[in-house]
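Okay, so here's the structure we're looking at.
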Amino acid sequence: MSTGTPAPQPASTARLEAFSDGIFAIAATLLVLDLRVPDDVTTGGLAHALGQLWPNYAAYVVSFATIGIIWMNHHAQVDRIARADRGLLTLNLVLLLFVSVIPFPTSMLARFLRAGSDQHVAAAVYSATLLGMGVAFFAMFTYARRAGLIVDQVSPAAARFLTIRNLAGLVPYAIAVGLAFVSAPASLALCGAVALYYLLPERLLGLPDA
Amino acid sequence: MSTGTPAPQPASTARLEAFSDGIFAIAATLLVLDLRVPDDVTTGGLAHALGQLWPNYAAYVVSFATIGIIWMNHHAQVDRIARADRGLLTLNLVLLLFVSVIPFPTSMLARFLRAGSDQHVAAAVYSATLLGMGVAFFAMFTYARRAGLIVDQVSPAAARFLTIRNLAGLVPYAIAVGLAFVSAPASLALCGAVALYYLLPERLLGLPDA
Amino acid sequence: MSTGTPAPQPASTARLEAFSDGIFAIAATLLVLDLRVPDDVTTGGLAHALGQLWPNYAAYVVSFATIGIIWMNHHAQVDRIARADRGLLTLNLVLLLFVSVIPFPTSMLARFLRAGSDQHVAAAVYSATLLGMGVAFFAMFTYARRAGLIVDQVSPAAARFLTIRNLAGLVPYAIAVGLAFVSAPASLALCGAVALYYLLPERLLGLPDA
Amino acid sequence: MSTGTPAPQPASTARLEAFSDGIFAIAATLLVLDLRVPDDVTTGGLAHALGQLWPNYAAYVVSFATIGIIWMNHHAQVDRIARADRGLLTLNLVLLLFVSVIPFPTSMLARFLRAGSDQHVAAAVYSATLLGMGVAFFAMFTYARRAGLIVDQVSPAAARFLTIRNLAGLVPYAIAVGLAFVSAPASLALCGAVALYYLLPERLLGLPDA
């Protein structure tokens, strides 16, 4: 946009959170628009038609859970950020762009999950979107650390450890992109497993509770 | 999601409320997208076509009121929660998944309420969704109580009483699922009666005002 | 909903505002979904097709402005409310139901504004929805006054005066319902004039600035 | 709306921000609804069909980024406003009307970007919408300055400088409107360049960091 301020001022993270929460909540809720009973249910009736929608349910649940988890992680990270400069806001916008676009590959994957060769394209685009979201998330908080925007500075060793761990978190999505060309359902299942891993309480995973 | 924090931090309930409120508000408002005048209104004109939409109005009002009431109850319960751990956030996500999916069974019920045998399937799915939402709500706050997240601990006797009362609140929805196979309109009416019960001021029900 | 609390607790108005603001904002933004270029633009091209959409633009602007104004008034009134009991929350839900349903009559009016006799039905439903919203607003704040929920009590004389003035505010919408059966565009124009009246600064109307 | 208060009270900017943030977030997220795989993907398969959607991606990204930037600028400006009177709320509503309508010209531009002569109309409407948004933004904060609503008054010289600079910010959009009649893609690219300019960190542009 063009007017008002020549350059946006550093923003308190409060409104950054409010805007981001809005996008997270809307993107998650818009997913429902793709759950629709087909116009023609004459063959086998409604129960049969609902059963045929299972790719929609699977994609819905994985996408909803993934948005929910990125919301949780975003929340946890922004809490540690003291102030937002323009670079951070821009990277946050890139992250939100990936979040808000999720209903598109979700809808596409649900539609093509059982379609011959197109299933591979649909699953690759789907997991690539989640990978892109992960990369944007990683970039945003790496930027925040380097730009000194974090409230409590961590030691260089701890920061290096965190960075490696975070990069490792991108690996499953990268694998899911490749896996898409072998099996679309397997690729979706891997994305779902990532979500499940983050949703389960730490003690079930043998980790100390956060 | 994969990056940033290996495990989400305990969240203040403030942002839990903001995200949840967003989902409640959006799900309630998206319901309107299913109110549409049919393309063909030549027979009998618009007034007749609007009259034919009564199942849409009925399902709209019951769903809107139900989301409104779960919002109120969510509000009242979260106010008593001191902090949110990952388990609570996950159960809250499950609850929000049920809330945000409501436009789907609502749309389906409106469409099939007058359709031969499919009306039973549609009504059963509809009331099962509300039942699932109720179970998620029950699970979330039972978890909060057991995990010691509640601000003011209630006595064991009071807690037992509350649990029984809350479980009892699920009974009408379970009945509505069964009733769906007898009469879809009756099942919807029962769901509406539950909403109405919670909306009426306590004094009209002979209860002390909350 | 059925679980958690047998009866919702009195809510702080903060979260009442957040939920209401969400519904206002979403309903206003969903209006855009009905602005769509028709599939067939071969006759006369896009410019001609866009020109044909003027009923959509008119209905869009009137509905958007009306939602904006009810948001402003809601804001001003809730600021004076000390606490929300269940009756107030219920009446607020009724108000929000009218707000969130607005995209439906808006879409219908845009479609039928130039259609023979159906334009009267569409315009009557449209202005009746705005009237219903006004009545719900009136009921909500009359209830708040009678239930002693208002922060600064006004004198009985002032309260009577305000009530009369507020009731008078419903008159234009009631007239618009009747006018719909004479001319749909005139009915819409009257609704737009009400919005314009509230949007113009007080000094242009010869009123003291609020 | 007609009831409650005869005239809306001056509003704290907190709720102005909340409502505006809601509209920004929803408008940005609704853009995704126009990303849809065409029904017929038999020719060339899904990958080909996705490739054909590039006008949709381009328009999506430019619109999303533009809404994100106006959000940032709105944020920075509202932070300097001490209180909101009715005039400011009304101008804010006009701004929000332009923001919330963006999905409409975006969808239209994506559809007509490769269509003979209609591309010019679509691109002109698109950039005119962004221009209108910029004008509303300019008007809102010029009003705030003149009405003495700004927290920290700037000197007359600085105010004049800011006004000129802000007016200059409208020029690219005005050029984009004219450019639309030469080349629709060039017009969209110019709008995108404006967004990019505001997104890049100041130091890359040789400006002091805000």
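Order of writing sets the chain letters: A, B, C and D. Residues in each chain are counted from 1.
Throughout what follows, contacts are C-beta pairs under 8 Å (C-beta built on N, C-alpha and C of every residue); 3 or more make two chains touch, one makes a residue touch a chain.
Because the structure is predicted, anything quoted here is derived from the model rather than measured.
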- request: Could you tell me which chains are in contact with chain A and with chain C alike?
  value: B, D
Field: Superposition of chain A upon chain B: rotation angle, C-alpha, nearest 5 degrees
entry: 90
- prompt: chain D and chain C are one sequence twice: same or different residues at the contact, by the over-half rule?
  reply: different
Query: Just how far, in Å, is the C-alpha centre of chain C from the one of chain B?
result: 25
Message: Can you work out the whole-Å distance between the CA centroids of chain B and chain D?
response: 36
Task: Identify all positions of chain C at which a residue touches two or more other chains, and write them in rising order.
output: 18, 22, 26, 30, 33
- prompt: Considering every pair of chains, which are in touch?
  reply: A-B, A-D, B-C, C-D
- request: Show which residues of chain A lie in contact with chain D when the two form their complex.
  value: 1-11, 15, 18-19, 22-23, 26-27, 30, 33, 85-87, 89-90, 93, 96-97, 100-104, 107-108, 111-112, 115, 117-118, 121-122, 125
- prompt: In the complex formed with chain C, which residues of chain B make contact?
  reply: 17-18, 21-22, 24-26, 28-33, 35-37, 41, 45-47, 50, 60-61, 64-66, 68-77, 79, 133-134, 137-138, 141, 165-167, 169-173, 194, 198-202, 207, 209-210
